[in-house]
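Labels for the chains are A, B, C and D, by order of writing; each one numbers its residues from 1.
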Amino acid sequence: MKLSLREQYWNLSILGLVIILTVWRSNQLPVFGSYEIKTIILGIIPIALLAMGQSLIIIGGGINLAIGAEAILINCITAKYSEGSDFATSLRWALLGIVISVIVGAVTGWIISKSGIADIVVTLATSFVLIGFALFIQPGPGGGVNLDFAKYFIGGEDSYLAPLFVLFLPILLIWLPLQKSRLGISFYAIGSSKDAAFLSGVNVARTRVSLYAVGGLFAGLCGVSLTAITQAASPFAVISNTATLNSVAAAVLGGVALAGGVGGLFGPALASLVLYYIPTIMLGYGIDPAYSQIIQGALTILVVLVGGLLRARGKR
Amino acid sequence: PANANNYVIGVSNGWAGNSWRETMVCAIKAEATLSKKVSKVLVSSRNTDAAGQSADVRAFISQKVNAIIINPGDKDAINPALGEAIKAGIKVIAVDGPVSAPGAYIVSNDQKKYGAAGAEALAKAMNYKGNVLYMRGISGHPADTLRDEGFKSVMAKYKNMKVTKEVFTNWDWAKGGELAKQLLKPGKFQGVWTSGIDYPVVEAMKTNLRGKYIPLVGADNNEFLRQTKELASKGFVGIVVSNPAVIGGAGLKVALDVLDGKTVASESLLTPTAWTYKANKKEIDSSYFVGQEATFSSAVKIPGYTTFSPAQLFRCKAPQDSDDGARA
Amino acid sequence: MGNLLEIRAVAKNYGPVVALRNANFTVAPGEIHALMGANGAGKSTLVKILTGVISGDAGTIKLNGEEIHFTSPDNARKNGVAPVFQDPALIPDLSLRRNLRLTNTNIAKFEEKIAYLGLKINLEEQVSRIELPILRMIDLARALAHDPKLLILDEITAALPANLAEVVIRVMNEEKARGNSVVFISHRLSEIGEICDRVTVLRDGIDVDSFNTSEGDEDRIVSAMLGSKITSAESKNRSASISKEPLLTVRGIKDGDKLVNIDFEIYPGEILGIVALEGQGQDSLFDILAGEVSAKAGEIHFSNKKVDFSHPADAIKLGISYVPGDRKTALLPQRSIRENLALTKFRKLRSWNWINQKNEDSLVDKAVSNLEIDTRASSQVKQLSGGNQQKVTIGRWITTGFDLLLCFDPTRGIDVGTKNQIYKLLSGLSAEGKSVLLFTSELREVQLVCDRAIVLYNGKVQGVFDAAKADEELLLNAAYGRN
Amino acid sequence: MKLKINRSMIALWIILALTFLVTGLVDSYFFSIPSIGITLQLAAPLGLLAAGQTIVMLTGGIDLSLAMIATGAAYIVSVKSESGLLISLAYALIFCVVVGAVNGIAVGVFGVNPLIMTLSMSAILIGVFTVGVSTFLRGSSRMPDLLITASSGLILDPITWPLIIWIIVGGFVHFSLTRTGFGRVIYAIGDNAKAARLAGVKVWQVQIAVYVSCAILGGMAGIMLGGQSGAVAISLANSYLLPSVAAVVIGGTSIMGGMGSYSGSVMGALILSVLSYLLATLNSSEAFKQLVYGGIVLALAWVYSSISERK
């Protein structure tokens, strides 16, 4: 599929930024080898997967403030029932967790369609409900996972291939085919103009259910990867809220328009790298982390501002 | 291979925007500066989950720090990353809460005793009878679970004392105050135990009980110390349980000892004390800092571990920030 | 021979508003059938029910004698009923190719139809970058690509320049020649008589008349549409009263795009018509005069003073008011008629004043009764039909007061009755000494309401004409650059 | 129009009455005069936050920095109170105006999406205050006694000072929105900013005024929260951010802008406060409470929207 010009520019600028930051970071480190690369990829997997799910939903004209809670719930489910288990059990629970996440997403989409309440409101409420469920299942930190299973996510020793696959397989196996399919186009359609989409024969309600279900798929992947990376789970609302807000920031930095209908998943995946690098590079200099928060906030505003100005110029 | 006077220390704090944690970090910086053995303290402090803290730890490994001081959000979940660190020869010191990674050192307040010490003093103040409002921290949080164990073990001893209401404040000051206002009714409770969310509860006693104070267990928060002092004459019994934030400094001390090749116990637990104004007037008076924030953790030294003065702590300068620092 | 389409006793309520009361409508095979009716008569609602966009409250629909109930436009298209809706049905953020994918349209066939319509189109182009008239043609080509037995065109010509409107008429005739049927909705009476076989007129949700065009004429349509309240527009003839001092002088305006060099002037009390084919830069000329965008070069003088607008507020302060072509850009869709009418009163942040309810009531009541706005759905302007919405956008300025009114195609998609009201309104304003700059896509309006007209072509003023001499032929020739 | 608003308000009244009754059944002390006084007192800061959020949401925006603005204002007042109450309040006011103006300029002039702008602003403020607590904002964060009284002082059961303040400020907000030109343009730019511009409204000026007003209301709420706690921590108002949005939304204000009212948000704030009381008194696990809170907010929004949509 051909990307729109705007999207190409955006992705290229973000890619440029990522390259600059990567060089910067690599200069900061005594060695920049496969362990360091693995470190970076593992550092962004959860937020990147979540950002992809969020981006998809925003593209479809929605927003999911419960996406972090969804991931935490799946994290809790899989970690609880995979603790001390063999490979097959861990795999089974991982798959089941993803299925549950898809169902949770679909139900969320269904509620939004059925009730006619704004996405923000519904997902604000479901975020409490999902954390409630997570607390039921795993009242405190704990759980575990089969180590061989976890290896498929975190890789062995210094190899970064496994995490790289975890990061890119969803894009290759889910996003690329989806984007070419009629369903994927329908996501853009309902995000761009619900009325026009309906007149074009898109079943808006059903598409929204699928939209949130696919978003749930990414949240589920995020939850499973959390289980694999940490080999445990923690059911805390603070964590899920932070993750959700980061996913929105990454989506926007990645060129997804909050108005819907515009953007892709490559940009947000790259943007989560930017969000990882800023504090990490500042950390490398021993700068007070409070400043990195200020810089990250200011940079986000700046990127969105410049992007907005460029877009306004492009329209003329 | 690091130069003995040039250690680089990484600090990972997974919960930010809270003065206890800020003081903990400042204590690490102050102690590191004083030791003259540290060239840099790299701090990552943000609200994050175990995956985020693992990422921090791995970034420290890439950075080849000599030791990592971590305040873990989770006992087990950071183990994969900490394991990699220990394997790479980096010393790992967990402060405030434990980690289960083999080879890591733990410097922590004894949270079980924290729960018990406050409960014991509360029982005494309540004359071993009456109803207790039990205001915990975050449901499922390891420290909360340990404190609960200690608290309940004491309560079990006294047949005439009953926990009639148990709530979670999420260690949120506004929420704690709100809960206290919603729950404190005249005559309903004879004492309150809080997991450190203390001073708003005293405010709630003023409004709800119209000044008829009941004993309250809190932590060594600056504002609570003040209330304990000033309201003592009005019949208020405040029980101050120490939970020093400067434990970060103790963590740094342990880190340096380990780096210097000294033998250090794998677990150092500090025993909390419970003060009341009647019994510990001197300690409370000397611990209260007039010009400090309400939530400031007032215990500014841990004998045997920390060496900085309050002023040095308040400066909060890492070696790389100081004009006299070892090296930029 | 049976009917292709048979609609019986269809009804639809939107809450308290009855959109369709009892509508009957039949279309024979190979017939071009005009569906007429005043604004709000229920034409679009009927189309939407027929094509499965919404479901009716009552009634039956038969296609080829079989009762059907389409659940979506897609469903309708698959069954040989292809609609072109009044509102564009293309997704703005998607490329054309992906839009076609969405409607399961055969690309090759679509391209063939595009060629057949005489257009050239890049399938990768994003829809939001395509101009409205071309979008309407694309909508048409897409409908044709589904090989419909029944083609439904809801006010497709409203946004089309004359040349493209002709193409649409050619298409309808060729569909008919192939034995297919067309339902054609338009407010342009002149189009109806020439090309339609049969006319059905809706009034207040009821089909009040239906006849073969050979049996009746435009007057019959108009009287059926309007019931008793028939009015016809009279040509005006009063260009004598124009003074020598122009109110507005425009010199050498450029917009960096279509407009190359525009010069003209308007006198107090004058209605100046502007005529141009689609895309001659007329919209950006209006935007410049209204202070919405600034010109790249040139000068504007108003009341003998050079002016420079950086915001519409600057123009409004001087007495220049703007009624944009797209009502959606001028209205607050979710707010009441009252708030829409009174909006300009509160444009200044400084005027943080208490609203005088009584004053406002009388102001609003006056505007509503002057303009005969249908207030059945007064709580939200978006529930009004197009004509009533247009009245609100003009009414706002009448309550505010102005010296020069910029009107961009105010009668587009509006029924004859309302049109005549608007003509009368404009004439009345000019009699009070106000000036009007009127862009119109309906050439006959120049002689109906204007004193003079200028024709834009190639970014310049091609000619200035006295309305009395500016018949449609002359204007059209000038608009095509022939004179 | 009258009919529709009344229907929605009736729906909200019914919902409030139901939650009120259920809470009273669970905990009979809730019906006592002092308890009602406390509930209203606790609702006041939420009601003020919701007022700011309502104004912004009516323009189609959202202010996610509101909690940090509230906390910041309270922190500044408490730390600077040694230099005098009025001076410390003036500092807080300046802080609110500056932050609100930056939000408003970014949104109104540079077209930055409000969600992103205020989210980032919140991150920036957290950073600034974290640095500030140990440097330029060092000091005792105890609230001055006068403000503690203003935030929780009793006048005559169940009437408290915060309730009076809320009624006065809330009434001012309500009438500004419904009866003044400023209110009209707020609705106008939320409904269709382009149309408002064409009608001569300087949209950016309104946006700035709106975000500044929101920040000032947030600051008041923060000071009230600080007063109710007795002292200020830099996480003071965090847990009020989502409820401030929920109250507005339950009250029927469209998140897209242009539709809604402050009276609805007041009802939303009251409903959430009663709900919070109910959850505090329930003897159940945290998990269950989270479930119930989310479920009830969703159910309320759903019931409300279906009642007020049906005509």
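Please note the rule applied: a contact is a pair of C-beta atoms (placed from the backbone, for glycine too) under 8 Å apart; a residue touches a chain by one contact, two chains touch by 3 or more.
Everything quoted here is computed from the prediction, not taken from an experiment.
**Q** When you check each chain against chain B and chain D, which touch both of them?
**A** Correct list: A.
**Q** Going by average Cα coordinates, which chain is farthest removed from chain C?
**A** The chain lying farthest from chain C is B.
**Q** Does A-C or A-D have the larger number of C-beta pairs in contact?
**A** Looking at A-C and A-D side by side, A-D shows more C-beta contacts.
**Q** Take the average of all CA coordinates in chain C, do the same for chain D, and state the distance between these two points in whole angstrom.
**A** Centre separation, chain C to chain D: 44 Å.
**Q** Measure off the straight-line distance from the CA centroid of chain B to the CA centroid of chain C, and report it in whole Å.
**A** Using C-alpha averages as centres, the distance is 71 Å.
**Q** Return the distance between the CA-based centres of chain A and chain D, expressed in whole Å.
**A** From the centre of chain A to the centre of chain D is 30 Å.
**Q** Touching two or more other chains, which residues of chain B qualify?
**A** 16, 139-140
**Q** What residues in chain A touch two or more of the other chains?
**A** 135, 139, 288, 290, 293, in rising order.
**Q** Mind giving me all the chain pairs that touch?
**A** Listed in label order, the chain pairs in contact are A-B, A-C, A-D, B-D, C-D.
**Q** For chain D, which residues count as touching chain B in their complex?
**A** Per the stated touch rule, the residues are 29, 34-35, 38-39, 41-42, 78, 126, 129-130, 133-134, 138-142, 148, 152, 154, 225, 228-240, 276-277, 280-281, 283, 285-287.
**Q** Of all residues in chain A, which touch chain B in the complex?
**A** Residue list for chain A touching chain B: 28-32, 35-36, 38-39, 42-46, 135, 138-142, 144, 150, 154, 226, 229-236, 238-239, 242-243, 276, 279-280, 283-284, 286, 288-290, 293.
**Q** Where on chain A does chain D make contact in their complex?
**A** Per the stated touch rule, the residues are 111, 115-118, 120-122, 124-136, 139, 237, 245, 248-249, 252, 258, 288, 290-294, 296-298, 300-301, 304-305, 308-309, 312.
**Q** Contact residues on chain A for chain C in the complex?
**A** 2, 4, 182, 185-186, 188-189, 191-193, 195-203, 260-262
**Q** Could you please specify the touching residues of chain D with respect to chain C in the complex?
**A** Counting only chain D, the residues touching chain C are 1, 4, 179-182, 184-185, 187-188, 191-192, 194-202, 205-206, 209, 254, 258-259, 311.
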